[in-house]
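So that you can tell them apart, the chains are marked A, B, C, D and E in the order they are listed, and the count of residues begins at 1 in each.
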Amino acid sequence: MTARLARLGSALTPLAGVVVLLALWQLLHLSGAVDALLLPAPEAMMRALWNGFVTGPMAFDFLQTVWRTTLAFGIAAVIGIPTGIVLGASPQLYRSVEFVVDFFRSTPASAMFPLFLVLFGVGDEAKIYVASFGALLVILFNVAYGVMNARKTRILAARSMGASPARIMRDVIFWESLPQTFIGLRNGVSLALVIIIVAEMFIGSSDGLGHRLIEAQMLFRMPTMYAAIFAAGALGYGLNWLFALLERRVVHWGGR
Amino acid sequence: RVGVFPVSSALPFFVARERGYFAAFDIETEEARLMGGPAVVGAMIGDQIDVAANLVTIEGMNANLLRSGVARFIAVNAQNATFQMEQFVGRKGLGASSLADLVGMGPLRAMSAPGPANIQAAKGVLEAVGLREGTDFTMTELAMNLHVDAMQAGTFDIGYTLEPNGTVMRDVGAAELIEAGVIATHLLGRPDAKAFAAGAAMTGAFVERNPDVAARFAAAWRLALADIAEDPTTRELLKGNTFTPSDVAMTMPMPEFLMADALTDQDRADYVALIRFAVDRGVLEQPIDPLDYLIELPEPAR
Amino acid sequence: MTAALRVAHPRPYAPDAEITIRGLRKTFAGSPVYEGFDLDVPKGAVVSVFGPNGCGKSTLINMVSGLMPHDGGQILFSGKTIAQTRLAYVFQNYREALFPWLRAIENIRYPLRLMGLPKHEQDRRIERLLATMEVRFDLSRYPYELSGGQQQTVSIMRALVVEPEVLFLDEPFSALDYEMTLAMRDRLQRVFMETGVTMMLVSHDLEEAIYMADRILLLTRRPTRIAAYLDFSAPRPRSAETLTDPAFVALKREALEIFQREVRA
Amino acid sequence: MTARLARLGSALTPLAGVVVLLALWQLLHLSGAVDALLLPAPEAMMRALWNGFVTGPMAFDFLQTVWRTTLAFGIAAVIGIPTGIVLGASPQLYRSVEFVVDFFRSTPASAMFPLFLVLFGVGDEAKIYVASFGALLVILFNVAYGVMNARKTRILAARSMGASPARIMRDVIFWESLPQTFIGLRNGVSLALVIIIVAEMFIGSSDGLGHRLIEAQMLFRMPTMYAAIFAAGALGYGLNWLFALLERRVVHWGGR
Amino acid sequence: MTAALRVAHPRPYAPDAEITIRGLRKTFAGSPVYEGFDLDVPKGAVVSVFGPNGCGKSTLINMVSGLMPHDGGQILFSGKTIAQTRLAYVFQNYREALFPWLRAIENIRYPLRLMGLPKHEQDRRIERLLATMEVRFDLSRYPYELSGGQQQTVSIMRALVVEPEVLFLDEPFSALDYEMTLAMRDRLQRVFMETGVTMMLVSHDLEEAIYMADRILLLTRRPTRIAAYLDFSAPRPRSAETLTDPAFVALKREALEIFQREVRA
C-alpha cells in the first residue's frame, strides 16, 4: 500500500518540475516585471500549443524534428561510442585527436553552417550531418573520458584470463564506462536536438519546430513562439527520460 | 534550383510558381529555403542554386567582387518613401515625426538591422540629418527576429528596421514610424529616388550553361512582376510562404519590383549611387559598377 | 622495459622451471622494490610466498603474470610466452576483479567464453566444478549482492574453471569462513594432484602456506630479497595429520624464525 | 634521455591534432570538391588570422570573448557545482528538478534570446547570463550524475565517523564526483564559449569573435570568417587544456 | 523502518548493555537474513562474531552502526542515540573505505578533524597512536600506493585514533602479515584495557575470535539465528600462553563443534 503510493509518488516527481516551471513563469508574468506581450501567460502558450498540435501544423513540425534528431543522434551514437572506447583505451591516441574534438566542441554549430551547406547541400542532409557531428563529438568525449577514468582492476582481470584487446574493450571497458556513456548519450541527444532546431531556424527549412519558432519570432507571435520552445524542451526531456530509464535498467550495479 | 529567403521580397517567386507561369514556360523549380544573404551567396558560388529569388544587391556586388558574374540581377526592387521597406522607428512616446526631430534629443540608443550594409546605411542616414555617433546616438546591431521584442521592451529609443517588422511593431504598438524610405531621401538625396536594395539574381554559370532556360525563367518572372504591380490579391501568397503575418500581408508596404530592362536612366544613376555609398563606407572593398551585372535576357521564342 | 640492457647474470637457467626470473628490477616512486631478483618456480610445484606486508608479493605476481610492467630483468615461462600459457589469477582485491554487470555464474563462465568453448562444453565444465564444491549461495546473484567471502569464492571458482597450467593466488582465502577455507585448501590440493598445475600462493597464514606448498618462499622487507626458499615434501594428499607431523612443526618453527629475524631487521 | 624525449613527445601530441586538422583542410581544399572561395586554403586563413591579430581588431575581439566566457563560466561553475552536489546527493530531489534541467539543456540558447533580451537588455549582461545559464545546466547535470554514480562505501565510511551531511558533501561526495565534475566543467566551458559567440553574432555586439565572425560572413570574407572560427576553436581547446591539466594535478587517484 | 509497529517482545532489556537489539528484521531481495533477532552487547565487552560466509555479519554491523536501514525491530544504544555515541568502524572492504584523495596520514587525521579538534591536539593524538605501533611504511603516501595490508593498517589506525566508545571491526586483520596481526591484536587489547571500549569483532579465525573476546557470538546460516553466545573470561592481558590454556582449548573445541554442526546443517 505505502509501497505502491511511494511508487506512484516517484513516478509523479518529474511532473513537479513541470509544475514548478509553469508556476515560476506564471509568477513572473503576474509580477509585471516583464511586458505581457513579450512574456505571455503560460496559459496562452498552452492554448497555442494545443491549437498548434490539434488544428495547426505543430504536430507535423514536431514529428519532423523528432525524425531529424533521431537520425542525427543515431549516426552520432553509432560512430561515437566505439570510437570513444577505442580512443579512450589509449590516452596517447586520444591526446593526439583531442585538439580536433575540443576545437569543434567549442565552435558554434551556427558558425559551421556555411561549411556544411557547401559540403552537403541545402537539403535535410546538411542539418542532420551538422547535428550528428556536434553530438558525435560530445558522445565521443564523454565515452573516452569514461574509459580513461575507469578502474583498471577489471581490465587486468580480463587480461589475465587471456582476453584480446578487442575483447577487453567489448567485454570490460564498454561496461565499465557505461554510466559515463549514458551521460554522454544524454548530452548528445540534447545537443542534436538543439542543433537541429537551430539549423531549422537558421539554415532555412519549411517545417520543424525550429522553423515554427523562427517564424513565430519574426511574426511576433509570442504564444506560438513559447509553444514551440516548450514543445522542443519537452521533447528534450522526453528523450533524456528514455535514456535515464534505459540506464536504470542496464546499469544495475551503479554506485556499488 | 531557386534559393529563397522567405521574406516579402521573395513574392515574385511564389506568384510565378502558384500562378503557373513557371509551368507555362516549362520550368520546374526546386525551392531551397536559405536564411539570409551569406547562405544565398554561398549557395550561388558553390553552384548549389541557379537563381536567388531575392538577394541584397550589395551582397550580390560583393559576390561579384569575389568572382565576377556570380550574381547577375534579372530584376531589382526599388524602395523609397512610397515603396516603403527600410525605415526608422521610435519607441512609444518618443514624439518624433521625422528624422530631423531627433536632433538634440540625444544621446539616443539606436538599434539597426544586422550586417555592415544595414549598419552603414543606418549610420549614414543619421549622419545625413546631422546626428553624430557617440554624442547623439549609439548604434547596436540586432538580429531581425529580435527587433519587435527589443522595441516592445523599450531597450532602444530608435531603430532602423525593415518590413514587415515595421508594420508588426506599429500594429502591436511597440513603436511608431519616424520615417520610411530613408535611403532614398537621405543617402540618394530625393524622396522619390529609387534605392535598389535587393533583386532576383542568376548565377553566371547558369546563364552560360542554359541560356534558354534562363531566358524562360526571366519571362515567367516578368509576368509575375506584372501581376504584383496590378493585382493586390497576389499578396495572399505572402501568407504561409514568407515570414509575413497574414493580418498585415494585404496592407504592408512592399518594394517596387522592376525587371532589369525597365530601369530608367535616373534609376540607373540611383543604383550606381547606392553601390558607391557602400564602397565609400567600406562595405564593399573595391569600387564596382552594378550596371555591369544587370542582365537583360531575350524573350524566349515560344 | 630495457631487458636488452640487462647485464649478463651469473645464475644459470634451471631447465625444469616453469617460471624463471632473472635480475628482476622494479621501482616505485624512485625507491626499489626488487633489484636483481632471481627466482625459479619448478614446473608442477606449489610455491607459497610468505613475507611482510608491502614487501612486494602482489607486485611480484602481477609482474610474472604480465599485468604490470617491470623495469628490468627477465621473466621466462618454460619455452612458451605468457600469451601461450593458460594462466589464472585470483586477485587480492577480489571485489574489484569481478564483473558487476555479470551474474556470479556468468563471471565464472567468462574465461570459458574467452577460450571460445562451445556452450555445452562450458556448461559441462561449470557443472564439473560445482559438483566438487559445496556452494551454498545463489550463483545467479550479481557480485554486489554477495558477501565478501562469497565474492572471493566466486573469484576462486573463476580461476579454477579454466583448468589452468599456472595458477596465481593472492591471499585467496582471506575472507573465507573456517569451513570454506578448509574446503578450498582441499579442493586446490586435489586440483594440484590431478592436473599438476604450477601454483604460486600468497598467504599470511604460515601454517596454510606450508601445508599447501612444495616450496616456501620467504621474502624480506623492501628492497626485497629471498630470505629462504624452503622445501616441504610431505606426501599428498595432506590432511589434518600433516599439521601435527614433526617435519611440519619443525619447518614451521624454522620459517617463523627466519621470518621474524628478517622482519624485525 | 629516452624519458625526456618521451616527455617532449607527449607534450607535442596535441600539436599532432592541429597538424591533422590543417592537413585534412588542405587536402579538401586541393581536391577541389569545394569551391575555393567558400573554403579558402588554410594558409589564407592563417594569414587572415595573423593580420587580424597583429594589425587588425582580432586580438581585442579575442580578449573580449575570453573575458565574457570567463565571467559566464565562472558564474556557472560557482553555482553549478554545489547545486549539482546537493541535488545529486538526493536522487529524489534531482528527479523533481530534472524536467527543468533537461528542458533547458535541450532548448537552443538562440531560442531563449528574446526572453533574455527582455530580462537583461542587449548589453554584455544578457550575453553573459544566457551563456551562464546554459553552462550552469550542463555542469549541474554532470556533477549531479557524478554524485549519483559515485560509490557509496566512502560515504558510509564518513558517516560512520560521524560526519554531518554537509561535511559528507564537502569532504567525500565532492571528491568522489570530481572526475565527472571536470567533464562537466569542460562541457560547460565549451558551451559557455559557444553561447557567447552565438550571442555576439546575433545580439548586438560591436566586438568579440562572434561579431567578427558574423561580419565576415555577411561580407563574405571567408578567410577572416575561418580565422575567427579557428581562433574560437583554439580558444576552446586552450580552455579545455587548462582543465585537463588541472584535472591531472588534482585527480591523481583517477582509475585506481 | 516501522519500529512503531513492532509487537511487544518477551525478552527484557538488559540494563548493562551498550547495544540492545530486539526483533531485528532484515530482508534482501525477498529472502530474510534476520527475523526476530535479539542480541545484547554488554558495555565494555569485546564480542567476537563468528559465522559462515554470507550469514550476515557485515550486515549486522552495518545496521547496528546505522549505515544500513533495517526492515524492522529496534537497535538501542545505552541511553544515547547513535549520533551521540563516538563510534569507529573498520570495514571489511578497507580498500574502498579509505579516501584516495588524502594521504594515508590525512586519512587517519580525518575523523579528528570531524571532531573539530584543534590542529595541535590532532597531532598529539596521532603521535600518541604512532608511538604505540610500529608502522614500517611511509604514511605520506596515498592509499592507492600502498599494499593491501598497509591499507588495512591505515584503516585500523583511522578507527583507533578517535578513541571510540564503540568499535566495530569487520575482519580487520584479513590482509595483515603474521607479525602485524599479532601486533594489532595486542594493540587492540591494550586499547580495550585502557579505555574499556565496547567492541564487536568479526573474524574467521576462531583462535583469534576467542583470544580477543569476552563473549563469542556464533551465528548460523541464513535465516540467521544465534547458535551460541559463549563466555570467555580469561584474565587480561592475554598472551601466547592463553592460547594453550585448557579453558581456551576447551572453549575452542566447543565453539568449533557448534559451528560445524550449524554450518553443516
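Here is the rule we use: a residue touches a chain if its C-beta (ideal position, glycine included) is under 8 Å from a C-beta of that chain, and two chains touch if they have at least 3 such contacts.
Quick caveat: nothing in here was measured; it's all calculated off a predicted structure.
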{"item": "Length of the shortest touching-chain route, chain C through to chain D", "value": "2"}
{"item": "Chain pair that, of all pairs, has the most C-beta pairs in contact", "value": "A-D"}
{"item": "Distance from the mean Cα position of chain B to that of chain A, given in whole angstrom", "value": "37"}
{"item": "Distance between chain centroids, defined by C-alpha means - chain A, chain E (Å)", "value": "49"}
{"item": "Contacts with two or more other chains, residues of chain E listed in rising order", "value": "93, 96"}
{"item": "Per-residue overlap in chain A, given as positions that touch at least 2 other chains", "value": "35, 38, 114, 118, 151, 201-202, 217, 256"}
{"item": "Overlap residues in chain B, where contacts from two or more other chains coincide", "value": "38, 42, 46, 145-146, 149, 153"}
{"item": "Interchain pairs in contact, sorted by label", "value": "A-B, A-C, A-D, B-D, C-E, D-E"}
{"item": "Contact set on chain C toward chain A in their complex", "value": "62, 65-67, 83, 86-89, 91, 93, 96-101, 110-111, 114-115, 142-144, 162, 168"}
{"item": "Chain B-facing residues of chain D, complex", "value": "34-35, 37-38, 113-114, 117-118, 121-122, 202-206, 214-215, 217-220"}
{"item": "Chain B - residues contacting chain D, complex", "value": "37-38, 41-42, 45-47, 59, 62-63, 66-67, 111, 114-117, 140-143, 145-146, 149-150, 153, 155-156, 283"}
{"item": "Chain A - residues contacting chain D, complex", "value": "10, 13-18, 20-21, 34-35, 38-39, 92, 95-100, 102-112, 114-115, 118-119, 138, 141-142, 145, 148-152, 179-180, 183, 186-187, 189-190, 193-195, 197-198, 201-202, 210, 213, 217, 225, 228-229, 232-237, 239-241, 244, 254-256"}
{"item": "Contacting residues of chain C [partner chain E, same complex]", "value": "28-29, 50-54, 56-58, 92-93, 95-96, 136-137, 141, 145-150, 153, 171, 174-181, 204-206, 221, 256, 259-260, 263-264"}
